[in-house]
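Everything on this sheet refers to the single structure shown next.
Letters A, B, C and D mark the chains in the order given here, with residues in each chain numbered from 1 onward.
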Amino acid sequence: MRVVAHRLIVAGCTVVGLALVYAVVNVQGPAPDLALAVSGALAESGVSHPVTAVLLNFRAYDTLLEVAVMLVAPLVAAALPTTAPAPAKPTNDPVLQALAAVAVPLALLLAIYLLLIGASRSGGAFHAAAVLAGALVLLQLATGRSLPAWLTPTRQQPLLILGLALFCAVGWLSLLLGGYFLGYPPAWAGVMILVIESGLTLSLALALWRLMP
Amino acid sequence: MSLWLDLLLIVALLWIAAGALFSRQLFRAVVLFIVFGLLLALAWARQAAADVALAEAAIGAGLTGALLLDAAGRFRRVRGGKDAGGSP
Amino acid sequence: MTSALGYAIAGALLVAMGLAAMLLHHHLVRRLIAFNIMGGGVFLVLLGLAPGHGEQADPVAQALILTGIVVAVAATGLALALARRLHQAGGDVRLDHPSSREDDDDQK
Amino acid sequence: MIRSDALLPILVMLPLSLALLLLLSGRWGRFLSLAGMVLTTALAALLLSHGGQPLHHAMGGWPAPLGIGLRADGLATLMVMMTALVCSAALIYGEYWFDGAKAEQGRQFRPLAWLLWAGVNALLLADDLFNLYVTLELLTLLAAGLAALMATQAALTAALRYLMVALIASTAFLLGVALLYGATGTLALELISIRVAANPQPVLVVAMALMVGGLALKAALFPLHGWLPPAHGGAAPPVSALLSALVVKASFYVVLRLWMGPLAPLTGGVGPVLGVLGGMAIVWGGWQALRQHNLKMVVAYSTVAQMGYLFLAFDLLQGAGYASALNGMVLQAVAHGLAKGAMFLAAGALVVAAGGYRVDQLQGMASRQPLAVTALAVAGISLAGMPPTAGFAGKWLLLQAAWLNGQWLWLAVMLAGSLLTASYLLKVVAVTFLPAPVAASVGCGQRLGGVALMLALLALLAGFAVMPMLQLLAPVATTGGWL
């Protein structure tokens, strides 16, 4: 019975795979007019890197909702408390500690660098946040502590929602001034994007860190 | 020349993915998944998608890999004493 | 252009392989590996088919994939948070049907 | 001065911003939530007052192919209003349900429920394919998190199973998005419709199968419904109401949107498939609901059956019956949302009062929990499609469509489904009138039942608003939505 089910699954997935390959090979694509539209509007977007322009200006609303998605997991995890958080156990590994002493400050610098160059080259809030979260993981592994003790989960809440809150605030402001949602004035777009991205870096780093057990 | 490199990368991607998906040992599967993430980052870089390559390496391979590694260790002994990972 | 198509085909195959693994395995960690590999395959298709432009890959497709990667890690994190709680409550993280629980799917 | 079409982003941003505020506020959360409820429902009513005139807002001020649009027509407007009513009822109910020992869970429920409200509104108003994907994922993760909120082993297992199924479905949907993007070079729904119509490539059938299949899985269409009863039946009652009334319906709504828009030239062979599966869902779900001994499982299987009507109707969406079928579908979706929400809320009240989940424990409830039993009965009348409810109007229009198209089999299946619905609900309601065996009862106020009754009465009242609702839908029904 079970073997039959397995064979059926394998056969079904083979059919799916063939159908997908057929589709992928035969799709006739149109002219790349959307990419041209992106380069055409790039000058008004406040940044010079097209991917950042799409993420934080042209399709910023997607990014806003995505940050909300990112918020769900830490919130649910907080709502389902495990009985006792495992006591932090510092690994007394001198190599790891030496590594952390060098790598963590470097990661901090790298995160700031990634955040700032996002406007003109590959980088931005998501990459910076991932590096920052990685640094926190390393710190935790090496020393058994990462965030300062006073930053309890309850007190992390404002930091966790900072990025989304900034995003919303800019959106409300643009609406209340009679414009479109998240419609930045071109002169201010660069600054607005940097402010939002800075908040996002901190919040996303914390959210990613909180996914870790 | 570069076409061969792409072809090699594609074969490696599929090969490593098969290992990550169907390896008998859970731990090995997770490690292969991390390797897959790094190869995928390489594939993004080959396709001139630098932003995606960076994110894939940091988030796809790094953070997801770390999460899965922890989980593999945590859930290796399933209730009832059976070893779900299948490792000896 | 041909290599873009090659990556897209690889993506299609990865999706099919991931789907098979997702259906064949019951252990949550294995399913999450499969989910993430399927996701990688979808992203390969997305970029491979995206209308290209110049020396940089389609910026819209790149932005969509970045969003997708973050959503995938959020889903993985949520699933593992639920699983840790379930594990603690004495539940089984192999989400198979109760009737087939005597089989150990990883020992076939 | 605020633009008039700013209403659309505000309908998303107000619930989202409130969710953030609720995460920070302690004691004031309850009042904040109440005020937000009134405000958001008033805004939904304001959208209703536009009378189905299509509203459009370009997010970021970037017009469609480059930016993301929000759009509201009569269909979206009705669904936004239904969402407001169900969310309000669930939130008020939550204030009473999560008290005492469950107060901590209640503090977590509030922001998550508000995020869900924002997510549903975002999905209903989305005019962009990838944006639809992001909102679907937001709803999926929220639904799984909310279903797990009770933190029992059964609830956690059901939530994880649901999450795994839903993630496969999301991946399939996203692959469909990738194919459509590759074929049309755009994500704006209207532009995709135009380009697909201009060049309906056969490969797009694969994209369609992936998207419709993924969404059907998320909407628990037979035979992919197995995850639903444990997840919806095992959650806290206000959560069950949100999941059954809104989250599964969101997936159906996306199918309908795509069906009338981008996928319209490709739907030919798919309608009958959805019709058959929907018909089987009606019969199988109804039959299972009749067999259940657990009250919440009766209600959960009823969702499987009622979603069957919505999918069966895709096969009626053709020929002479097109307009009737569309109107019937939307009315059925709205009526089911209100009635099913009320039913889960009433079931929660009865379970508390009876001290158990079994139907046979409900004896004597008609006198002890009159409000909850009335809510159950009124909601049941709407679900079974009896006049004068909106459920009646919806099912009547669906029958009319089947009649006009000469699809006699579907006519028979839908009538049989109504009989099944009436039987399982009558069975439950009848038990509550039996004399109670022992007087020993768990103390429980009437407030939970009262909230459920309010929502049930709204389902009844919607029956008197059928004509205005059809007027709202008229432009959608004649033009097929986008074009």
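Keep this in mind: a contact is a pair of C-beta atoms (placed from the backbone, for glycine too) under 8 Å apart; a residue touches a chain by one contact, two chains touch by 3 or more.
In this text, all values refer to a predicted model and were calculated from it rather than measured experimentally.
**Student:** Centre to centre, using CA atoms, which chain is the farthest one from chain D?
**Tutor:** The chain farthest from chain D, judged by C-alpha centres, is B.
**Student:** Between A-C and A-B, flag the pair that has more C-beta pairs in contact.
**Tutor:** If we tally the C-beta pairs in contact for A-C and A-B, the bigger total goes to A-C.
**Student:** So what's the Cα centroid distance for chain A and chain C, whole Å?
**Tutor:** Computed from C-alpha means, the inter-chain centre distance equals 18 Å.
**Student:** Measure off the straight-line distance from the CA centroid of chain A to the CA centroid of chain B, and report it in whole Å.
**Tutor:** That gives a centre separation of 20 Å.
**Student:** Can you compute the centre-to-centre distance for chain B and chain D, using the mean CA position of each chain? Integer Å is fine.
**Tutor:** Their C-alpha centroids are separated by 37 Å.
**Student:** If you average the CA atoms of chain A and of chain D, how many Å lie between those two points?
**Tutor:** Their C-alpha centroids are separated by 30 Å.
**Student:** What are the residues of chain D that contact at least two other chains?
**Tutor:** 130, 134, 137, 141, 144-145, 148, 151, 156, 175, 179, 182-183, 185 - these are the residues of chain D that touch more than one other chain.
**Student:** Would you give the residues of chain B that are in contact with at least 2 other chains, written as numbers and ranges?
**Tutor:** 51, 55, 59, 63, 67, 70, 74, in rising order.
**Student:** Residues touching two or more other chains, restricted to chain C: which are they?
**Tutor:** 9, 13, 15, 17-20, 28, 45, 48-49, 51, 56, 60-62, 66-67, 70-71, 73-78, 80, 82-85, 90-93
**Student:** Strictly by the criterion at the top, what is the full list of touching chain pairs?
**Tutor:** Every touching chain pair, ordered by label, is A-B, A-C, A-D, B-C, C-D.
**Student:** Give the list of chain C residues in touch with chain D in this complex.
**Tutor:** Of all residues in chain C, those touching chain D are 15, 18-19, 22, 28, 31, 35, 38-39, 42, 45-46, 48-51, 60-61, 64, 67-68, 71, 74-75, 78-79, 82-83, 85-86, 89-93, 95.
**Student:** For a test of understanding, state which residues of chain B touch chain A in their complex under the given definition.
**Tutor:** Result: residues 50-51, 54-55, 58-59, 62-63, 66-67, 70, 74 of chain B touch chain A.
**Student:** Can you list the residues on chain C that touch chain A in the complex?
**Tutor:** On the chain C side, the touching residues are 5, 8-9, 11-13, 15-17, 19-20, 23-24, 45, 48-49, 51-54, 56, 58-60, 62-63, 66-67, 70-71, 73-78, 80-82, 84-85, 88, 100, 103, 108.
**Student:** State the interface residues of chain A toward chain B in the complex, per the touch definition above.
**Tutor:** Those residues of chain A that touch chain B are 51, 122-124, 126-127, 130-131, 133-134, 137, 208, 211-213.
**Student:** Looking at the complex, which residues from chain C come into contact with chain B?
**Tutor:** 2-4, 6-7, 9-10, 13-14, 17-18, 20-21, 27-30, 32-34, 36-37, 40, 43-44, 47-48, 55-57, 61-62, 65-66, 69-70, 72-73, 76-77, 80, 83-84, 87, 90-94, 104, 106-107
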